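Quick heads-up: structures coming right below.
Shared chain: chain A. Partners: chain B in the first complex, chain C in the second.
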Partner chain A sequence: MDLITKSRELLETGAVKAVIGFEAGRRGTVRPAFVREAAKASTLVFDERCTQNLAAYLTRREVKRMGRVAVAAAPDTLRALLQLMAERQVKEEEVLPLAVAADGTVTELPCAADVEAHLALQAKELKAADRELLAKLDAMSREERWAYWQKELSRCVKCYACRNACPMCYCAHCTMDCNRPQWVPVASHALGNLEYHMVRAMHLAGRCVECGDCGRACPVGIPVHLLAFHCQESVHAQFGQRAGTSAKLDYALSTFRPDDKETFIR
Partner chain B sequence: MAETRFLPSESLDTFVKALRRDGRRVLAPTARDGRAELNPVEAAAEIDLEGLQTALSAKETVFPKVERILEYSLSGGGVDLRDVAPKAEPTVLLGVRPCDAAGFGALDAVFNWDTRDRFFNARREALAIVAVACTRADDACFCTSVGGGPGSTAGSDILLTPVQGGFLAELVTEKGAALAALCPDAFRPDPGLEKKVADLPMAFDHAALTASLQGRFEDPLWERQSLRCLGCGACAFVCPSCVCFDLVEEADAREGRRLRTWDTCGTALFTLHASGHNPRESQAQRWRQRVYHKFSYYPERYGRLGCVGCGKCTRACPVDMDLQEHLLEAAQA
Partner chain C sequence: MSFEPKITAFVCNWCTYAGADLTGTSRIKYQPNVRVLRLPCTGRIDFMLLAKAFARGADGIIVSGCHPNDCHYTSGNYHARRRWMVYRGLMDFMGIDTRRVTFSWVSAAEGARWAELVNEVTTTVRELGPYQDYKELALAGVE
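Right after this comes the complex of A and B.
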């Protein structure tokens, strides 16, 4: 069954209150769409342009209030969904993921185990441009890398599009917005920008599903997603964990195990 | 006045160098590392006039993303409070689009509404604008619907319109004429060439839109339009006319400074009260505020729109909040 037919059916039977997917924009663009009536399901599209991680909407109050929703999900959206489940932000029964295959066929993945099984068959591959830039950064000396990020981050305007586009940045009260006390400078000067992006990268270490939506959202083209990717890869190397693979994943950086091989914590 | 001259292509470099010799910083669109942004340039060869728009607007030249406005230090039970002088370097914006130039009018309306803002004005007075008319437009552009145009001279000191072999240079203001006088040989007499700019049909009537917004405050339209909005500030921060700022203190026990930084009505924190109450608690209300501010409150208070139709917000939006489309929907209600 294709996405439009499936969505229509789900909305007609009342199985879901809304289908979160994509619709065509006016300028050859695609954008998130919230289809709440069966008659409007025909506006849904799903093609290679639909890269945005729709899981970012699943923790939002407006969406939670709708009731159970279906989401037309690319693999990165499914990964983010599993991570949100692992972090107890989304319950299994709240979301019906619809995996859309290349031929347009839709598979319902009603429980987390189905999502896990589906994802196990999907290889996670970084985009060629990201791989290249990561390799270039790895090859730099520490001083060169520092200079690279100082220059890049000086262009940040602190619009927080990266944070708001990220499915894992769901805090209702973000450290960046906290002003009593103010932990991080508000201003987009060198220190404020550096602290913001360092804090964000550290918060995402071990939780980032490497969708790259933060970098895609940046209006001035800073590859901020690479900071998160790098931290994620470090966690993977150190702890063998990869976010977005299981709905029951303990967070590597805050989990204590009595049999931890390191002794400093005991 | 608008005296028209001809600036041959090869004389653009002469012009840039004359401006530099005169001690002015020249900021122009560049395409370094595949990014369209304003950067200081030394020669015309560095300038990219092919790109339609820079991602950020030119407002940073008069309203920086962060500006120190006062400093203080504490000692011996007393407070030493010091004014900070505005940093106003003589600057020429060269090659911005007429919409970006028009944006300064919207900034001026706010920064000189009741109090004359000395930081804004010092920078504004030190700034001259040499815009380049658009010979093409894209689907995000709608300057003609908000009173501007691809060849509009509003806000420019000189408007350059590309023609065969160079540019028609309209010396719009005294400031512009003074710039041209720095290299009189570069600006030749007008050979009577016809000015041809991009054809951008009007998408909506802004007066009708402003009228239509009256009484639509509670319309479900805003919720429908904003459901996908992520609540970031990308649209406001790239906007040539968005002017909201935050005042923040950075201080320790001995000294501190007060900073003015960009802010945006797109975020929940913008209106959050100390009590915890938020008068704009939903993203729909924040999106509505953005539209009303630009298209209803601005005309009411300043007699002009708070939008120049550059389309930067639409291009920057990570979820394609297409302003023109949303305005059309509101205008046709």
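Right after this comes the complex of A and C.
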């Protein structure tokens, strides 16, 4: 069954109150759509242009108020959904993920176990461009890395698009908006930019599902997602767990093993 | 005038602070470049505090607490250790000089060790010179 037929059916039977998906935007783009009537289900599209991680909407109060929603989900959206469940931000019964296959057929994944099983079959791979950039950064000296990030971050205008696009950035009170004490300078300034992106990467360490939406959302094209990816890879390498693989996952940085291995503490 | 580094030390109340106290009562001399900030536990030492220390002009940082298994709150240092493991990697990835941040365990009985640690760190940072990279950030845009 394709997405439109499935959505129409779900809305007609009242199984869900809304379907979150994509519709055609202007000039050949797509934009997120919240379909609440069966008659409007025909506007839904799902193709390779639909890269935005729709899980970011699931923690929003106005979406929660709608009731049970279905979401047209790519693998990254499903990973984010599992992580949100692990963090107890979304309940299993609140969301009905609809996994859309390449040929357009839709699979309902009504419980977290189904999502886990579905994701286990999908390989998670970094994009070639990201892999290359990470390898390039890896080969640099520390001074070169500093210069690289300073140059990149100098374009940051602190629009917080990366934060807003991220499904894991859902705190009602964000450190960035905190005035007393003011942890990070508000203005777009070299120091504040560095600190902002450092704080964001650290707050995502062990929680990032590596969808890369923060980098895609950046209006000036800073590869901010690499910072979160780096922390995530370091958590995976050192503690052996990956966010977005299970709905019952302890946050890597709020748990520990007495025999965690490090080499730098004197 | 020769360069004298400013070292900020974030220490835990129960071990390293008491250890540093013991250094004093044992009349052990050590380099005077360190400013000690006492926090309840290494678990409270947020990475943002370290960023703030650099932003306010520190050339080097010491973060120190109880040895594993000795935490007053049972597991604060274990949690802190995990955070440092990730944070240190991120600092390096962003090009921050990790030689300027020293993580260590100093117990309340290790007065001599505290003196040794401070001396070592002061010497290292003195050789590295002022942390110009970070100081330039704070002054960026200020004529």
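As a working rule, the second predicted complex is superposed on the first by the 255 of 266 C-alpha atoms of A that agree within 3 Å, B and C clash if a C-alpha of one lies under 4 Å from a C-alpha of the other, contacts with A are read in each partner's own complex, and residues count from 1 in each chain.
Note that in this section contacts are C-beta pairs under 8 Å (C-beta built on N, C-alpha and C of every residue); 3 or more make two chains touch, one makes a residue touch a chain.
Bear in mind the structure is a predicted one, so any value in this text is a computation, not a measurement.
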Partner chain(s) touched by A:148 [first = chain B, second = chain C, both, neither]: second
Partner chain(s) touched by A:189 [first = chain B, second = chain C, both, neither]: both
Partner chain in contact with A:118 - chain B first, chain C second, else both or neither: neither
Which of chain B and chain C A:258 touches, first, second, both or neither: second
Partner chain(s) touched by A:202 [first = chain B, second = chain C, both, neither]: second
Partner chain in contact with A:68 - chain B first, chain C second, else both or neither: neither
Overlap of chain C and chain B interfaces on chain A (superposed complexes): 189
In the complex with chain A, residue positions of chain B that touch it: 34-35, 37, 55-56, 65-66, 138-140, 227-228, 230-234, 236-238, 246, 248, 250, 259, 261-262, 264, 267-269, 282-284, 314, 316, 318-320, 322, 324-325
For the chain C and chain A complex, residues of the former touching the latter: 47-48, 51-52, 55, 68-69, 75, 78-79, 81-90, 92-98, 102-105, 117, 133, 136-138, 140-141
Interface residues, chain A side, partner chain B - complex: 25-34, 52, 56-57, 62, 155, 157-161, 163-165, 177, 182, 185-189, 192, 213, 216-217, 219-221
Footprint of chain C on chain A - complex, ascending: 137, 142-150, 175, 183, 189-191, 194-195, 197-199, 201-202, 205-206, 227, 230-231, 234-235, 238-239, 252-258, 260, 262, 264-266
